[in-house]
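Shared chain: chain A. Partners: chain B in the first complex, chain C in the second.
Here is the complex of A and B:
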């Protein structure tokens, strides 16, 4: 079996044309996912069953089903519903990009909310009591004590989830989006050279993962500067 | 005893954790300027007693008054009471993500609504009082245990509380650091601060306390000025406890 290096050199720039779309999918889903995750986490720790139960049910459904199925339900399923076609959300669901961002965000929200909850639960109770004893309100304790510490505690797992999300964006190619994987599949269909193309694609994802890892490690060092004995 | 309103009044206070009776029928009155040491075996309810005073624990029987205000579920502003009651914990409980100075300024700014400069000056004043102004810019983890506990005391003092509660402030410290924390507490006592200290430092009790309270199984068994308490304990349980901790 031969390995066509020239083909790789030729097709890499083409695949990289899709990197912008990959980034758009990643960043938008990460941002919306984080907002949703924060809401879900707050519902979950509210101590009120009528907030906590719906959040738990949501998390169960979205973690319990494949992301690909979720994308298909949104993309193929929603347009069948008249109420969606007639709603203001129709422009979002008519567009495969909107569908992909929507599904990826909902999915990320479920996973990330549990990561955030882990961070919040890891915050030292005694330290919060000290805030309470000083007269800080519940909200002030959450904003000034819990949030900064929980953020640091959750960051390693969150970084992991962002990397996972990066690779989930590849699934958007199944609903016609020409992000990197979509372009790669097109090239393979034209050249019948899956080996070269998909390996180069894999390498591009690995480079991106490396960059995300580095970025997260930097933020970790910054947020964790107060955990070092030597200042 | 003076006739003015006592700072703290506990009347028949009880507290349960499940089936465990942590406090039973506690009557205690503390007047302004009084220094009280609470001792007793572990599990006797000492910590629960002082934690009820700033409502970190809710009592489930009896009544507690801080000044004129009764601690109840219905009270409008618990935090208004809390800022009058300073508390120091066994494990320091500093805010690890903030510098020493920020630890001291946070509640002043958020609760007392103090302007930044004023909060800063008050913080530095109390850091000098606990003798570590040079540590202001450090993070808690960069300090020794004794220094951290002194920061915790300064943090509570910045709120200008009317009474200070100490929950075994030296129990987590290495022996060589205990005295630096006790020195600060003795200074405070000399300045007339009203104090309730849960501690097994009997030397501190002897030299500083107006009254020593002995607790066992959630009850106050005995209370007396330190001289009487140590030389002439009335209860068998007290004698036994004292002989155990004074043996060495």
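Here is the complex of A and C:
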């Protein structure tokens, strides 16, 4: 047994061919997930039980089941239902890419909504009372006070969630998508060199994780530029 | 729903496997987490560096990649070792149960490292000093003051780690462990009802998550019982 460096040099570009697909999965699910999360969070803090209960149930189900099972229900399960086969959404669910983005977005939505809620609940009451005293309406307080402060508070946890999402995109390889992990699994099946291929791919993911962390830290610094001066 | 009849036993067996993986990986995860935290808190620079690398690597790599690497990697290594002694051996089979259990324990253990470290540092210095002033030995301080305060601090995050473990067991079906997702695949082959079967898997996992969540809530209430007496 030896470590075949030539194989890494040969395989790495092949695996990197899948980085575009990995990014597409990541960015699309992050955007759709964030929209869904915002809706769920607004439903939960609305104070109306008929809005907050469904949101809570949704979050409970999606956080309580493995993402792999969610992906399989969408990709393998949905075609069993006639209702879905005959709906306008069928082209989306017939395509493994559509299924992966759909499942990852639904999953991310559940996790991110909890992060956003944490941010909103973390906003200092005194700040909101000051806003009220200045005559700002409820909507104005939410837009001008709660939103910017909550964004800043939620950002570190949100960054971690984007990293989780990046790692989850690797599961798209289980439904035939040839993103980086899918390509790596194919190469390992052909060469039977798991160490070389999987370790070099792990390093690629670690670099991406590092870059996301750096980017989030930068945004954090930017958003916190007023608070930093005081400290 | 009648498609389910006859598969109940198999799903039950699959659930037993999930529970077994969970218990085994939970024990390993706690061990890895404690070693990691001890190393990070130690005065030894090498230990700190290794523990730092451990957390960066396992938090930055997709779970599925770690599982595949451990499974195929150990098989390859063990085969090479076995061939040194007996060149006749063509291939050593690694049980997916242990490869998978180790993999998810290592992954979640890297998160637990930070939790345990944070809990250790979160213990109020005052209570430690008070205990020393009362003449307790270092060992007594550790077991009677530090540990009781630590586990309470670590509990909420530890509950999340347990949920990660139970959900990660689903990923081990990829390397052929006969847990619920694997049972579902066989049941689908026989009945042609993927939606029904994967929903059943989802419900089983939701059941496991609910048990864990309720247990953690109970433990939290028990751990903080003296803190609520005043209110």
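In this text, the second predicted complex is superposed on the first by the 228 of 231 C-alpha atoms of A that agree within 3 Å, B and C clash if a C-alpha of one lies under 4 Å from a C-alpha of the other, contacts with A are read in each partner's own complex, and residues count from 1 in each chain.
Please note the rule applied: a contact is a pair of C-beta atoms (placed from the backbone, for glycine too) under 8 Å apart; a residue touches a chain by one contact, two chains touch by 3 or more.
Keep in mind the model is a prediction, meaning the values are calculated, not measured.
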Partners on chain A (chain B, chain C) - clash or fit: fit
Geometry of the superposed three-chain model: angle at chain A (Cα centres of chain B and chain C, steps of 10 degrees): 100
Touching partner for A:47 - first (chain B), second (chain C), both, neither: neither
Chain A residues touched by each partner, larger count belonging to chain B or chain C: C
Partner chain(s) touched by A:127 [first = chain B, second = chain C, both, neither]: first
Chain B versus chain C as contact partner of A:226, first or second or both or neither: first
Which superposed partner A:13 touches (first chain B, second chain C, both, neither): neither
Partner chain in contact with A:78 - chain B first, chain C second, else both or neither: second
First, second, both or neither for A:91, with chain B first and chain C second: neither
Nearest Cα pair across chain B and chain C, whole Å: 15
Footprint of chain A on chain B - complex, ascending: 54, 56, 79-80, 82-83, 85-87, 89, 91, 93-98, 106-107, 110-111, 138-142, 152, 155-156, 159
Chain A-touching residues of chain C, taken from the complex the two chains share: 56-57, 59-66, 68-69, 72-73, 76-77, 80, 163, 167-171, 173-174, 181, 184, 188, 192-199, 201-202, 205-206, 209-210, 213
Chain B contact footprint on chain A (complex, rising order): 124, 126-127, 129-137, 140, 144-145, 148-149, 152, 225-231
Residues of chain A touching chain C in the complex: 1, 61, 63-70, 72-73, 76-81, 163, 166-171, 173-174, 181, 184-185, 188, 192, 194-195, 198-199, 201-202, 205-206, 209-210
